[in-house]
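So, here come the structures, one by one.
In what follows, chain A forms one complex with chain B and a second complex with chain C.
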Partner chain A sequence: MTRIKRGYIAGKRRRKIRLFTSSFRGAHSRLTRTITQQKIKALVSANRDRDRKKRGFRSLWIHRINAIIGKNKKKQYNRYSNLLYNIYKGQLLLNRKIVAQMGILKGNCLRMIANEIIT
Partner chain B sequence: MASAAAASLSTICTSFATHCSISHHNPKTPFSHSTFFPFSRSHSLSLSFQPTLSPRLPLPPKSSDTAEALSEPQAPPSDPQSATQLVQSPPLQPPSWEPGLFAVVMVGGRQYIVHPGRWITVQRLKGAKANDKIALHRVLLVGTDTSCYIGRPVVTNAVVYATVEEQGLDDKVIVFKYKKKKKYRRTIGHRQPNTRIRINSIMGYENYPKVTMDDIKDQEDRDS
Partner chain C sequence: MKMVNAFNMKRAAAGLRRINLDGLRWRVFDAKGQVLGRLASQIATVVQGKDKPTYTPNRDDGDMCIVLNAKDVCVTGRKLTDKVYYWHTGYVGHLKERTFKDQMAKDPTEVIRKAVLRMLPRNKLRDDRDRKLRIFPGSEHPFGDRPLEPYVMPPRRVREMRPRERRAMIREQKKAELQQQNNDGTKKGKKREAPEESA
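This part shows the complex of A and B:
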């Protein structure tokens, strides 16, 4: 068999991984074997958190709606659960993202909706 | 409508697929556009913006004031501009709609708050080419500074007119599947196709029952 030196084949592969990990902290961006592991962990986390992101935002919107509704109304119906119940009863199709954003940006509109819907 | 609530809601929530595309080729007149910020969820935006200066065609079947108001601003650009005036675009009057007009529109299974003159990115609309006109019919809410037209579930006869600007792709997302200690890893790159549309106008909501801030004030006076 002819003698084959490995040259820079492995180095090319590792350079790409090192570029991906270039902003990581400490040894995680310097040591080759650690770099490979950290890239895998990073990508796995990114995958998993793309689904978590959807859950997180929904939770954020719900908390925001709860806060805004609780502040505005002096009546007893000042909770998120009541607002949502009345939204479904009144056959509105607005989702939580829109309601939360309207509460922040167009507060008047949300007050009008809440007033109109909550019996 | 009330009797078939559950069934109608489920059918309405399915993906939206109708748009009418009238493809005209706009002669691109060089207006200077101010930058428009797309709506992004969960970030608070500053709402200061200038209405769109993009050229629009008069819509033939709809007799709307906005179409006629636009025909006057189209005239000045044709005057020969002197070479010294660099990017002095002729001052267009913003088309007259109520201040703070916005609509909540459902496109591609997602809801967006939409202002006339801004652009949004939606899921890819199949078969739409650049500069196609689009009418979005699923308008869930129309609002202004003082009043609000709440759709149950849709504001009837309200339409949002938009123009397709670009059919593009989202940024690449690397989907990495990995099982530890089992020597299984797969790398897939994915770019989700999207369409950028610019909202032209929101029309057709005038005859719908609306709620105003005065109603709230009256009720609060009555309660307290």
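This part shows the complex of A and C:
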């Protein structure tokens, strides 16, 4: 049998993967075997963290709402659970993200809304 | 008597250059008569920046905390004699210990510092947060020219005393009253102090 080289098929495949990994650090963007591994890991993390991101942001908004409640609302003795319950009862379609952002940017709006809801 | 870990006023004021932002407030905590753990948990929330609506977990945005009167911090129960601080030096068999009383005698600021540091999350920001904590045993501090804000502790619900403690307290009160009556009756001008209990 004549000798047949494999040609550039494997190289084409690896060039695509290398393009994906081109901005990684050190050996992770240079060595072929490591490149394939790192691409798989990166895509797995991205997939998993797309759901984690939603969790993380929700927890961040809750932290921020708690901070606002603790600081300002001591006079009315409000709690996070009370505030959200009143929001649901008042049929306001505010989610935690909006409430947290309102607390940072427009604190007065939030205070007015809270006053309306509680009483 | 040579104090090895004595308090150093210069060291407490140093290191301010490493803290970046000065949009931070300077909060003053007065530890006089406060219970150790409850005070430390409030300090930990302030140092982390968790009372600000712009809290971000990957960025250190806590306020500068100054704690005064660290030598007057209280503990409940028998912790004054029974609370022991342990640490291991790394050599085999060298587990060292020191009681609360000895630690207060040596360096009262370390008590609050340990309490707060152990309440902070163990991550890369912990050292930066440590740098924002300044603790002083007395009421003097070199930060007089900064805009300081006193921190008002939230109101605390003290649980009522257990029956045995209450009986002991009533007994001591009666003893003190009897002693005072004896003093007024027989001896003139001699003052005797009633024994204080650390509560």
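Assume the second predicted complex is superposed on the first by the 113 of 119 C-alpha atoms of A that agree within 3 Å, B and C clash if a C-alpha of one lies under 4 Å from a C-alpha of the other, contacts with A are read in each partner's own complex, and residues count from 1 in each chain.
As a convention for this text, a residue touches a chain if its C-beta (ideal position, glycine included) is under 8 Å from a C-beta of that chain, and two chains touch if they have at least 3 such contacts.
Nothing here was measured: the structure is a model prediction, and the numbers come from that model.
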| item | value |
| --- | --- |
| First (chain B), second (chain C), both or neither touched by A:I9 | neither |
| Which of chain B and chain C A:I104 touches, first, second, both or neither | both |
| Partner chain in contact with A:L31 - chain B first, chain C second, else both or neither | neither |
| Touched partner set for A:N47, first chain B, second chain C, both or neither | first |
| First (chain B), second (chain C), both or neither touched by A:I68 | second |
| Partner touching more residues of chain A, whether chain B or chain C | B |
| Partner chain in contact with A:I113 - chain B first, chain C second, else both or neither | first |
| Contact residues common to both interfaces of chain A (with chain B and with chain C) | 60, 74, 100, 104 |
| Interfacial residue positions of chain A with respect to chain B in the complex | 40, 43-44, 46-47, 50, 57, 60-61, 74-75, 90-95, 97-98, 100-102, 104-106, 108-109, 111-113, 115-117 |
| Touching residues (chain side chain A, partner chain C) in the complex | 60, 63-64, 66-68, 70-71, 74, 100, 103-104, 107 |
| Complex contacts: residues of chain B adjacent to chain A | 1-2, 5, 9, 12-13, 41-42, 44-45, 47, 100, 102, 104, 106, 111, 113, 140-141, 143, 145-148, 150-154, 173-178, 185, 187, 211-213, 215-216, 219, 223-224 |
| Complex contacts: residues of chain C adjacent to chain A | 50-57, 154 |
